Structures are given as structure tokens and as C-alpha cells.
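Letters A, B, C, D, E and F mark the chains in the order given here, with residues in each chain numbered from 1 onward.
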Amino acid sequence: MQKIEAIIRPFKLDDVKKALNDLGIQGLTVHEVKGFGRQKGHTELYRGAEYVVDLLPKVKIDVVLDDGQVEAAIDAISQVAKSGKIGDGKIFVSPISEVVRIRTGERGGSAL
Amino acid sequence: MQKIEAIIRPFKLDDVKKALNDLGIQGLTVHEVKGFGRQKGHTELYRGAEYVVDLLPKVKIDVVLDDGQVEAAIDAISQVAKSGKIGDGKIFVSPISEVVRIRTGERGGSAL
Amino acid sequence: MQKIEAIIRPFKLDDVKKALNDLGIQGLTVHEVKGFGRQKGHTELYRGAEYVVDLLPKVKIDVVLDDGQVEAAIDAISQVAKSGKIGDGKIFVSPISEVVRIRTGERGGSAL
Amino acid sequence: MKLLKMSVAALAWAVVLFLLFIPTFSPVSVWAQEAETVVAPEESADEMQVEQPAAMAAEAPASAVPAAAEEPEPTLDTGDTAWMLTSTALVLLMTIPGLVLFYGGMVRKKNVLAMAMQCFAITCLVTVLWMIAGYSFAFSGGSVIIGDLDRTFLSGMTLESLSGTIPESVFMTFQMTFAIITAVLIVGAFADRMKFSALILFMTGWSLLVYSPIAHWVWGGGFLANAGVLDFAGGTVVHINAGVAGLVGALVLGKRLGYGSEPLPPHNLVLSVAGASLLWVGWFGFNAGSAVSAGAGAGMAMAVTQISTATAGLAWMFMEWVRKGKPSVLGIISGAIAGLGAITPASGYVDPTGALCIGLAAGVACYFASTSMKMALGYDDSLDVFGIHAVSGTVGVILTGVFAVEAIGGTPGLLEGNGGQVVTQLYGIAVTIGYCAIITFILLKLVDVIVGLRVDQDAERQGLDINLHGEVVS
Amino acid sequence: MKLLKMSVAALAWAVVLFLLFIPTFSPVSVWAQEAETVVAPEESADEMQVEQPAAMAAEAPASAVPAAAEEPEPTLDTGDTAWMLTSTALVLLMTIPGLVLFYGGMVRKKNVLAMAMQCFAITCLVTVLWMIAGYSFAFSGGSVIIGDLDRTFLSGMTLESLSGTIPESVFMTFQMTFAIITAVLIVGAFADRMKFSALILFMTGWSLLVYSPIAHWVWGGGFLANAGVLDFAGGTVVHINAGVAGLVGALVLGKRLGYGSEPLPPHNLVLSVAGASLLWVGWFGFNAGSAVSAGAGAGMAMAVTQISTATAGLAWMFMEWVRKGKPSVLGIISGAIAGLGAITPASGYVDPTGALCIGLAAGVACYFASTSMKMALGYDDSLDVFGIHAVSGTVGVILTGVFAVEAIGGTPGLLEGNGGQVVTQLYGIAVTIGYCAIITFILLKLVDVIVGLRVDQDAERQGLDINLHGEVVS
Amino acid sequence: MKLLKMSVAALAWAVVLFLLFIPTFSPVSVWAQEAETVVAPEESADEMQVEQPAAMAAEAPASAVPAAAEEPEPTLDTGDTAWMLTSTALVLLMTIPGLVLFYGGMVRKKNVLAMAMQCFAITCLVTVLWMIAGYSFAFSGGSVIIGDLDRTFLSGMTLESLSGTIPESVFMTFQMTFAIITAVLIVGAFADRMKFSALILFMTGWSLLVYSPIAHWVWGGGFLANAGVLDFAGGTVVHINAGVAGLVGALVLGKRLGYGSEPLPPHNLVLSVAGASLLWVGWFGFNAGSAVSAGAGAGMAMAVTQISTATAGLAWMFMEWVRKGKPSVLGIISGAIAGLGAITPASGYVDPTGALCIGLAAGVACYFASTSMKMALGYDDSLDVFGIHAVSGTVGVILTGVFAVEAIGGTPGLLEGNGGQVVTQLYGIAVTIGYCAIITFILLKLVDVIVGLRVDQDAERQGLDINLHGEVVS
């Protein structure tokens, strides 16, 4: 099994969730994170003090899935999360050696 | 070494922490996340607008541990985090290739 | 490619970001987390009720980078994030099998 | 370039104001023709007595309060003045922090500072406009259409000027807080999408060209007062006016991005409950203060305000509970505001039982207007300014004509056999809606031409706080 | 099914109320027997003068304020009326948003909207109940046990009705805000676990059957007033009453899930500090307003209120600092509320030095009651309604008997040689505790039978906001 | 050990206070020598009439308000009393929750409870100090330098004591709220780094040794009043005083960790907007209440307050918009507070047009003082207490001398040909700055020796909330 971590723009979350659901992926976990990258930040100004804020709000989605689903998921995410402007985000894939469903104790693919 | 990521119900956090501590595991890191899965969401209603909220509050615990401790940890977590109802959560295991303790520069198992 | 997860003290974030930037690392993702470990917690007191709070605020930085940059990054982080007191944090390294830049669809090292 | 744009905007603003005002004072204009019919009693420039609101005038003879009836020259009463100073503070409290919190809690977190900014900046802006010209337009006598320029920059308002039994300075400031809150109420309707520069331009025109005239008509001795329209504290001037302007704004600006397709939930209803609470408390100054004295009229106005508000809150809560299965805190506070809006025009005319009925009607009517009706019609009145204020104002103005008690406000209503009052009330409503809608629309279109009304999509998505004001709530 | 359940509940509610009320008016009941001893002076249905609070009556002769002593007919005073209008607004401010914020900040985030809802809904509910019957039961004369039905629906309250030197409408609304806050105070004791439907049913009964009678006994010419119990602004009627009802509620509902085993920390004490601040400010209306006039009595009441509050705040802070090593903001605001509660009954009777002593005693006593004592006894009075309000009320009522100064309130206390006053005060306390505890217990058990008192475990764990009201703070 | 340290601190505190006070009352001291020049009119211990603020005294003869001119014995006026009771509540509202929220929103989240604690604890502390000695030092007559001990523990303040037309108890409490807010204003300057124990010690000394004397000089019949310095509601006593003390504190304590190198942004400006709003509303009590009557003087004071505030808010907003490209909500509220501070000394002396000018000047001056000037000089006045309060106070006191209108406050200003008034005003400013700076510095150094002023680096980094008070906002 593999874990996909997709860092995307916050307002794309609903679309990505729908796209994955359409592939039959039934679970995912969402983190609110801040991202630093090529995308330019903002300037905040408080009286005399000016700050450049280069950590921008992003959403990270973790999905664990069977190896066979990985490419389809990457495609789906890439498609709906893309705006074409800098800052659309990344997808990282890494191996998962075991999955357990706490409720039932099931392991492996059937635990997803 | 391995990393266990356990997604659990928020109110189970204290119990899981205790259970892992009892196994001699001395560190862990906690994320507040939102989970989407089989568990049914809630409906929020604001004047005319009705929203189904299917991203539910969960807690994700990261624990890195020696390979030998993995099974015990999975068992401990599964046991205390289980309520038997849909939404109890998952445990994911993945390989870790290096660990460093920042304070001392120690590496590997002794850094945990 | 590898993923470095560095758990550090929150007020070190700016320094670590700068140190990584100096190595030419152009992106990273930041999580606000709570850490449990050897570092002693605080006591909160609300009227009669006294609580020991042993989950302390930490920041987790995820950086995905080429294998060749890993050691330099570990060194850089270790150096600036270190205060010498218990609770400085950990660095975990794990393998990444694929990277995609959503904006362009690029894969692998050039997607970073 | 920004600077340039701003200068142009400022210039344009001045010009527009100027152009818009010419007809008002030009002798050949339609306005002036209507004004021929005016009788302007006791208008000596030096010792001018500012007109009391029509509502008060109507109430005075009937009320048991020792108000000047035969005495030609009322003197300052410290008790009345104490209450009016307090009332002024209470009405200001309704806007800041009342509306700041009420509206701020209902928007998304990324827009909360922009909302606070709009409320606070309009408070400052309308204060200055009122001092310069707004008060003079509304209350300086003039014709039945508009006041004159006698009180511009408050010239002639001395320590000796009285308005009834209170100093004119207090009356002026009290009325100023009404001008402020009416303008601020509007912004809820098109929250989360307007440019700040556009807002400032629009509100400048709106306050002078819509609020002041209507206030004059109803309270400044204008033609609606003469027609006998009963509006104690602002069902037409404040609530219908703000609600209609809000609706026009929501229609002209269009819907928020994502409206209808994604959740746009309130980010912190604790703020909204606190805000609604301050609105409620401050409304005692609004309604009981509109008696312009600390007597039995003020007392009864406070009592009926409390009763209508509570009843409307419960009415909305139970409607929601029965129809949707859960009573919500957003629901009960919405109902309470509806009850406050509805009792506003009635508060000097009805008794407690009338207030109970008015509250009930307002709670139910505004519930449907802000839920089913809004959904059916499809406009995005973001914080239900129309659904709550215009609807409750309308319900209140009509029911004032129904429940008015002669022994309380001097005028009987339908239930006491004076069915004609309801017709008079409907006339007042129609005039207010018509005038407000047309001028609001024109103003918005003008501002759109000058600076553009709406922020771009990226800014709307990222939030107005960071984009327009360079600040965020962490 | 929900609808069905709700209808049944509504029906049951009506029936219960009806049944409970029969004895009150039935001539064969015990109530009526006691009522034989009543003397009800000047009780002509038409021109009824509502009784002033006993406290006021007691104060009047001694005070230097030009209060009607010989004059048979007091006339309206605009200064007094101005202050009472203001005081009414201030006392309402204590509940909304005062208690909303004070309590809301102390619960966990998942329950904050439910807490706000409880406060706001009870405010609406008690307003309507007070208008319908509560005011009449408390203040319409009747017997020494309970008022009669003369003022139900406020019938007979006209523009001419006076209560002393202020309009009756103002007195009625002022007293209404006391009825509101007393009921709302209670909910802190069993926060985070009660069904909203159960709360509404319970509060309906409690306000009419517990609050109104006790208010009548102490302020409406009832038997505690006749016995000479001194309670200026509500040590018994408000604080002991709410605190005891809260404790009974906490015991009947049982502890919160996790109480004692997991942390249940306040989620946002900034809200609580803001709420406590508004309570403090509003309390000027509560205590100085209880003089029902804008004179020296009100001034002294305000001064002693300020002193007692500050002293109690510091006392709690230093206790905590010495015993636990850190002074906390929750501690100092808790102390301030304790000081406010304790000075409440005393505020028309004591001088500044007395206030200093009362504040000190209240701060220390409530500190121990809300920490060591609560821990030792093991009940879960979630927000320390008993530990702060009942305890400070008791301390205050007793010490009123100790520190009363004849030159201020007309009655000497223990220190001026009138030891018997302390006994009278203890009598007042005992009656209040006993009656309140018994009826509260019965009402809760009844409501438990009708709709059940407590939410289920899942709902409690997930939070009341989403489960009962379908809303969350994001 | 902590206990030991605390006891030592307490002892030291007592000793320091004692030592500091000896000179004040010792006949050989410099103080007393200056005091030789005193004339203390009508000072009979029994029937003492507390001095009205010089401002009021100056205003009385010129004003049209029926204030006692020939009448030797003013009697209690219920209207005036009603307004002053209300004003007292309003000024307390400015501090709690006004400043709690205003300051609390501007600090980082980890320090918000510590900020709230400081505001609330000082409120309690100054209340008790004022009752014990502060009021007596400021207002009990005495010399032109300092009052005497006649009113310590408020002894002799009975129900009969009047201060003009209001009870002395009301005057005392009203002035208490000024003493409170002045002390609390200071803490913004050295937010996020002071030990709480140090703060308590410092504020005890500061309130008695700096605030009370200066209040006496300007309002208690002291030498600045005699010199003819015009300060209606506290430009010197409150704003310059607090601002200078803040700056000295910021310099003595040093910069916050990370100042200049890392972002230290406000964590929640919604709180700050709410706080600024409450400050604005409460300021009506501050300024219009300083008329100590409910007449035309109060009315005009309220009107000019509103106008100056709004103008200054807009001025700051437009400055920022033009210079930085974005108008911020922090900017407009900062400007509004600047406008409030500047109109404070002027509010009984100027007309609306004067207020417009004063507001404009204050908005622009404070904008530069809090941005460019602060950056250039490099001190860390965290929440701009100096940049806003001292600067606006100075602007206001000077411009009072420029815009004073004889027909309003009885004294003409520069524009009416009385150029000398500006010099008198500068004298008042210089004395206030000099005295305040020196004594504040000495007090801070003393406290530093006793308990240390600053928390350690770890505590500052982790946050004061958890470290000093054992609490956090979750």
C-alpha cells in the first residue's frame, strides 16, 4: 500500500474530496498546514511594523490506498487541484507497510 | 525503525497516551486533523442554509519506534481506542530510515 | 527522494526556515502539533482543578528533498534548532517514492 | 498608480456629491416645485428650535408626562438630559461594538476584520458627514422635502440651543447615532465582496442623499410626518431603509463566490450572540430614547421593546425547532433582532399586549423571509439585512397602525377603530422603499463606474482581511 | 417522532404548570391559610400602587434624599426615572452579554454555543413569563405569600401608573431583569450536560414557582419583609436562590463525563474576563438601581459595591497566590463576582469600611468553597454557582446584619448593638434555602419524567453545540 | 521559597510606601515649603465640600446651565446624579472590559490572559488604594501640592455629603474610575515582559505618588488649577501622565525578545476593535461626565468628543492608505483613540469646528509618533501608549489653549485673542511630564531592586499566561 500526501490550496479541498470519492476511495485525513514555497507571500502592517508573511495556508490530505489506485488518485487530484498559478501544491507518495482498522482489527487492504 | 500513525477519536487521546507510556514508549507527536470516512457526519443549519459536515474531528498520533515494539504498540492502541462504532480510526505503519535527537545529535534507536 | 520530518520548538521556526533556504531548499510545509516526551509539562490551575499539561506546543516541518541533500539538511536543522535543553525535538527521515508538482504535472526531483 | 486611482476617486467623489446636490437647492428643480407646498413654521434663523421628531410631537399632547403643552418655552430638564445622554451612548454601543460583533461573528474568519473595518469606518464617516451637512439636511427646518443649510458644520448650535427640554447638542448627537447605525446595518447584505474604497464613496452619498431626506420626511417636519405616518424610532427611516438598500446592494454586487455550492458558515457565533445582546441592550436607548424625555413614555417604550424582542426570539426558535428539529442560537438571536426591528416604529404607540403580538408576527415573518423566501428568490443577502430589517420594519410599521393605543401614543389604530391609519402606514412604507431603492441603485452604479464595486476573485477567495487591510486574525 | 415528543412535552408543560398553580389560588390550600394573616394596605384594583421593595421602604425614612415621607402622592421625577431606565439596561447587560461571555468562556469549546443559547433563551423566556404572570405573582400585592392575578399580562399598567417616583413600566422592567439573571445564573452549575428542552421546561416552572414567590416575600410586601429581613438588592432572592437551585441541579443531573479523571479546562478566559467585567459594570444598575432613585442612597450603594468587589477580587487572588504559587485571572474574576454577590444584600445598609470587610470575607469564603470544599464533597457544580453565589449571598446577608449602619439604611446592625438583626437575617437565609431546594428538586424530577434531563453520552462527548443546536464555533 | 520571596516583597512594599510618604507630610520637607503658599478656602473638617475639578469651576460662571452661581448651598439634583452614576459606570466600562479587550487583542495569544490579569488586578488594586488614601490625597483640600488625610478610608463621607449637586459618594467613585484607567493605560507600553509581582508593587506606588498628586494639582484645587491650566477631563492627569509613565517603563524594562527581528503581530484585532468601541462609548462618561451635571455643558462635551474621535480615526486611516496603500482596522481604531485623547482636555472648552481641527491634528500627529518616530528612536512601546496617549494628550492640551471658546468654557483661547493660554497650557504639560517621568523612574528602579522587573527569557518565550498565571487560552 501507498500513502499519498497532497498539499493543495484550501479552497480546492471540497473538489479533491469529491474527485477521490468518485474513484471509490472511501477515507482520507485532512491537516491544516502552512506552506512555504515559490508562491509569494503577503505583507501585514501593524502600525509601524511591516511583516512579510511567507507561510501561506494550505491543506494537506493523507490518503492511504492500494498500489493499483495510486496513479488514478494522482491524476484525479492533479486535475481538480490545478489552477495553473504558482502555489498549487505537491503530491508526495510513500510506502505503507501495514494498515489496521481499529474498530475491527482488520489488517491490510481490507482495512481501508 | 517504524512510524506508526494512528488516527483516533479525540476523546481517546489520553487513554492511548497512557497505554503507550505503559509499553515504555517515551515520546509521541499529536496532530489535530479532520477525517472523512464511513462515519456519518452532522448537519449544520444556519438560517436557510443547511450543510452536511462530513469532515469530523480526529486526532492523529505519530510514534516512531523500534521494529520490535510495533506489534505491541498496535495492539495497545487498538485496544484502548476501540469503541466498536464506525469511525474508530486507522493505524498506518511505514518505514523510517533515520532518527536524530536534535539536542544531542544522537542517531538511530538511542535517539528515541 | 527522502522526507525529513523535523519536530522543533515553535520559536525556532524562523531560524530553521532560513537555514534550509540557505541550502537552496525552496519549499517546506509546517504543522502545528503537540509533543509528548521527556520535557516536563506545566501545571494549569482552574479554581479547584489542577491539570498537568504534558502535551507541549511544537512545530513539525516536512521537507522533501533529493537524497543528496539529506545530510546537509539534518545538520542545518540540528544546529539552529538546538538549545541544549530537553525538548529540542527530533528529526525523522523516510523514503518518498514519487513527487508531483500539481501546477505543471512535473514528476520526481524537478517537481521540488 | 494606486495613489493616482485614489486621487481620481476622491475627486470624482467630490464632483458627484456636488452634482447630486445641485437639484436639491436649485429653484427650478422638481424638488423645489414640490417644496412649494411647504409650510415652515417658526423658522427664524437666529433662535431656531430644531423640530422634534414627528413621533414625539404626536405623542406629546396625549401623554401624561409633564411635557410642554401650553408653555411656549420649554426649559432644560436635567433628568431628561441625563437619559438622552445615556441613550446616545446606548445607540452608539449598538453599532460599535454591537454590529461589529454581530456581523463579524457571522462572516468567515478571513473576512472578519474587513467587516469590523466597514462598521468602524462608516461610524467615523457618518459622524463627520452628519456634522458637516447631514444634520442640517434632516433637522434644520427647510421644506417638507429637505432641510436647509442653516446647521451645516453645526453653526448656530450654542450652549443655549434647546430641543424640547434637552440641549440641542444632545439631540444632534442622539440623531447622529441613528444615521450611523442605519448606514452600518446595510453592509451585512453584501458582506465579503465589496471594495473598501467603493464602500466609502457609496456611504457618503447614501447617508446624505438617502438617510437625511427620509429622516427629514418622517421626523424633521417633512411630508410623511404631515401625512400622519407613525414611526416612533425608525421602522421606515432605519429598518426598511437599511434593508432595502441592502437588498439592492446584494443584487447589484451579485452573489458571493461559492454561494449555493459550498458552505459559508458563520465562523464564531459567540461574537454574534454578544453583538445581538449589545444590540438589544442598546435598543433601550434607541426606542425609549426616542421619547426624548425620561418619563412614562420612555418607560412604556422600554417595556414593550423588551417584550416584543423576547417574543420574536422565542417565535423564531420554536419555528426552527418544529420545522428543522433543532433550535439554534443563530435563530433565536435573529428572531430577537426581528422583534427589535418590528417594535421600533411601534414603541411609543402600543401597549404590552400589542408588543407581544408584534413580536410574534415579526419572529415568524422574518423566519420565513430569511429562510424559505430567500432560498426561493435566490439572492445572496449575506447576513439577511433585508430578510430581518426590511421585513421586521414593514411588519412593525403596519402593525403600529393596527395596535396603536390612543391612551399611549395619542393616535388610535385599527383595533380602536381607526382603520385609515394602516393605509397611512402603507403610504409611508411605499415612499421609503421606492425612494431608497432608486437612489441606492443609482449611487451604486455611479460608484461602480468610478472605482468598481467588487474585489477580484483571488482577493475574495483569500479573504478581504489580508487583501484590503493587510491584517489577519491569527 | 421528534415532533410528537415535543408536542407531548408542550402539553405536559401546560398541565404541570396548571396543576402546580391550583394550590396557590385555591382557598383551601395551606398557602391560603398562611395568607389569612395578610394585611394588604391600599389595594384598590384600579389605581394600585405597586409595592416598593422592602429594602427601599426601610431606607426611605432614614435617608436624606428628598423621598416622599409625608407627601401622600409621589410624582414622577425625571432624574430618578433616567437612572432607573439606565439601571434596567445595565442589569440586562449583566445577563446578555455578561453571563453569556462569563459562562461561555469557562466551558469547553464544543459547548460554548449551547451555553450562549441557554442564557439567551432563558432571557427571552423569563421576559414573557414575567409579563404574563411572574410580575403579578411577585409585586401585585396579594398576600404575604404570593401576589395575585391583578397584573397578569401587565393589565392595568398604564402611562399614569407610578411606583414611587418612577413609572411602573420602568419598575416592572427593572424587576424583570432581576428575574432573568437569577434564572440564567443557575445554568452554570449543570453546564455541558442538560437537554435544552428540559431546561426550558424547568426554567418555566422555576421562574414562576420559585423566583416570583421569594421575590414577593422579600420585596413585594411578603412575610420576610415583614419579619425585617434586610436584603437590598437580592442576597437571598437572587444569589442564594440561584446558588442553591444550581447545586440541586448539579446533584440531580450528576457529574459531567470525565469529571475528576480528565481535564475540563475553560476554553477561553478572555471571554470570561470580558463577561465578569460587564457583570461588574452592570452591577451598578443592580445595586445602585435598587435604590429606585438617583440620590445619595444610590451613590453610596455604588461606592460600596465598587469597594467590596475589588477587595474580594484581591482576596481570592492573594489566597491563590500564597497557597498555589500563582495568581490566576480566573481567580481574581471569581473573587470579584463573590464580592459583588456579597455586597448585594448589604449595598443599601453599610458604609465603605463595612464593604471592605464584606469583600474580604466573601473573597476568602468563596475561594475555599469553590476549591477545597467542592473537592472534598465531590459534587460537580461546573462553574461554581453554589460556591460563589450561594456562599457569597449567605456571607453578604449575614454580614448585612453585622455591618448595617443606621445612618445609611435606617437599621442598625450587630456592630451598632442590634444583634437580633443577624438572627433575622439567618431566618431569611434558611427560608430561602429550604423553599428553593425543595421546589427545585421536585421540578427537576418532574421534568426528568417528562422529557429526561440529560443528553446521552455520545452527545455529551461530541459537544452540545453540534448535537442540540446544529452549530459550531470554527 | 516562593512564599518567602513574596513575604519579603510584601514587607518591602510596606516599608517603601512608608518611606516615600514621610516627606509628603513632614513639615521640614521641600513639599511642605512649597505648600506654604497654599490658600485652602472653606476647609472645615466636618462639613467639608470636596472641590470640584478646576475645569468645572472655570466653566460654571460662563455656562448657561443653571449651575449654582449665587446660591451658597447647592442641593442634590436627581438628573445630574443620574448622569454621574451613569458616567461612572461608563468610565469603568472603558477599563473593564474596554482596555482588557483593546490591549488583549494586540498582544500575542500566549500573553493575552496576562494582559487581562494586569488590567483587572490594577482595577481592583487602585479601587482599594483610592478608598484608603488616593482620594484623600487628590481631593480632600490640603495644600496646593497634595490633599490631606481627612478622607482616608473615606471617613466623613456620609449620605449628606454633596459635591456640587451630586452626592460626594458619586463624585468619589467617578474620580476613582479615572484613577483606575490611568494606571491601566500604562501597562500597554511594557506588555509581555513584566513580572506580575513587580507590576503590583509599582502600581501601588504610582497611583498614590504620581496619580493622586497630579490630579490634585489640576482638579483638586492645586497649583496647576490656580495657574489657570485648562484640562477638562484629563489631558495632563490621564493621558500625558499615562503615556510618559509608559515610555519610562518601556525604556527601563527594555525591548521584548525578538522586537525588530521577528514578527510580533496582534493575535486578534476583533477583540481590539470591540475594546476600542467600548472605550469610545465609555468616553462619553469620561468627557461629558466631567461636566459633573446633566446640562448643556455635558451635551456639548459629548458632541465634540464624537466629532474629534471620528475625524482622528479617518485621519489616521487616510494617512496609512496614502502612505502604505492599505487602510487598516488597527489604524482607524488607533486614530479614534488618539482623537479621544486629544479632545479630553478640550471637551468643555471648544465648539464642534474646534473639535474637527483637534481630531485632525491628533490623528496625523499620533500616526507619525507611533510609526516613523517610534521606529526612528527605537524604543519598544509595545502598544503605543506614549505614541497615542502622551502625544494626543499633548496635542489636545495645547490646542485647548488655541481653540477655547469663551462662550462655551468661560475662557478664550488663542483664536479669540488670548495667546497667553497656550503658554499656560505648555506649563501644565511640562510640569506633568517632568514629575511623572522622575517619580516613575525612581519607582521602577526601586521595584527592580525589590523583586526584579522582568520575567526570565524562557518565560517570556513560552508566554506569560502559562508561566505567571498557570492558565492558557486553548
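Please note the rule applied: a residue touches a chain if its C-beta (ideal position, glycine included) is under 8 Å from a C-beta of that chain, and two chains touch if they have at least 3 such contacts.
Source: prediction; values computed, not measured.
Asker: Identify the chains in contact with subunit C as well as subunit D, in label order.
Answerer: Of all the chains present, those in contact with both subunit C and subunit D are A, B, E, F.
Asker: Select, from D-E and A-F, the pair of chains that is joined by more C-beta pairs in contact.
Answerer: D-E
Asker: Centre to centre, by mean C-alpha position, how many angstrom separate subunit C and subunit F?
Answerer: For subunit C versus subunit F, the centre distance works out to 47 Å.
Asker: From the C-alpha centre of subunit D to that of subunit F, how far is it in Å?
Answerer: 35
Asker: How many Å are there between the centre of subunit C and the centre of subunit E, using C-alpha atoms for each centre?
Answerer: Computed from C-alpha means, the inter-chain centre distance equals 53 Å.
Asker: What are the residues of subunit F that contact at least two other chains?
Answerer: 77-80, 82-83, 86, 265-266, 294, 324, 326, 328, 330, 470-471
Asker: Subunit A: which residues touch two or more other chains?
Answerer: Residue numbers touching two or more other chains: 31, 44-46, 94-95.
Asker: Check the chains against each other and report every pair that touches.
Answerer: Listed in label order, the chain pairs in contact are A-B, A-C, A-D, A-F, B-C, B-D, B-E, C-E, C-F, D-E, D-F, E-F.
Asker: Please name which positions on subunit D make contact with subunit B in the complex.
Answerer: Contacts found on subunit D: 263-266, 320, 324, 326, 328, 330-331, 334, 370-372, 374-375, 384, 387.
Asker: Along subunit B, where are the residues that touch subunit D in the complex?
Answerer: Against subunit D, the touching part of subunit B is residues 44-49, 51, 53.
Asker: Going by the contact rule set out above, which residues of subunit C touch subunit A in the complex?
Answerer: Residue list for subunit C touching subunit A: 3, 17, 26-31, 64, 94-103, 105, 111-112.
Asker: Looking at the complex, which residues from subunit A come into contact with subunit C?
Answerer: 2, 6-8, 31, 33-38, 55, 58, 60, 70, 74, 77-78, 81-95
Asker: Quick one: which bits of subunit D touch subunit A in the complex? Just the residue numbers, please.
Answerer: 258, 262, 461, 466, 470-472
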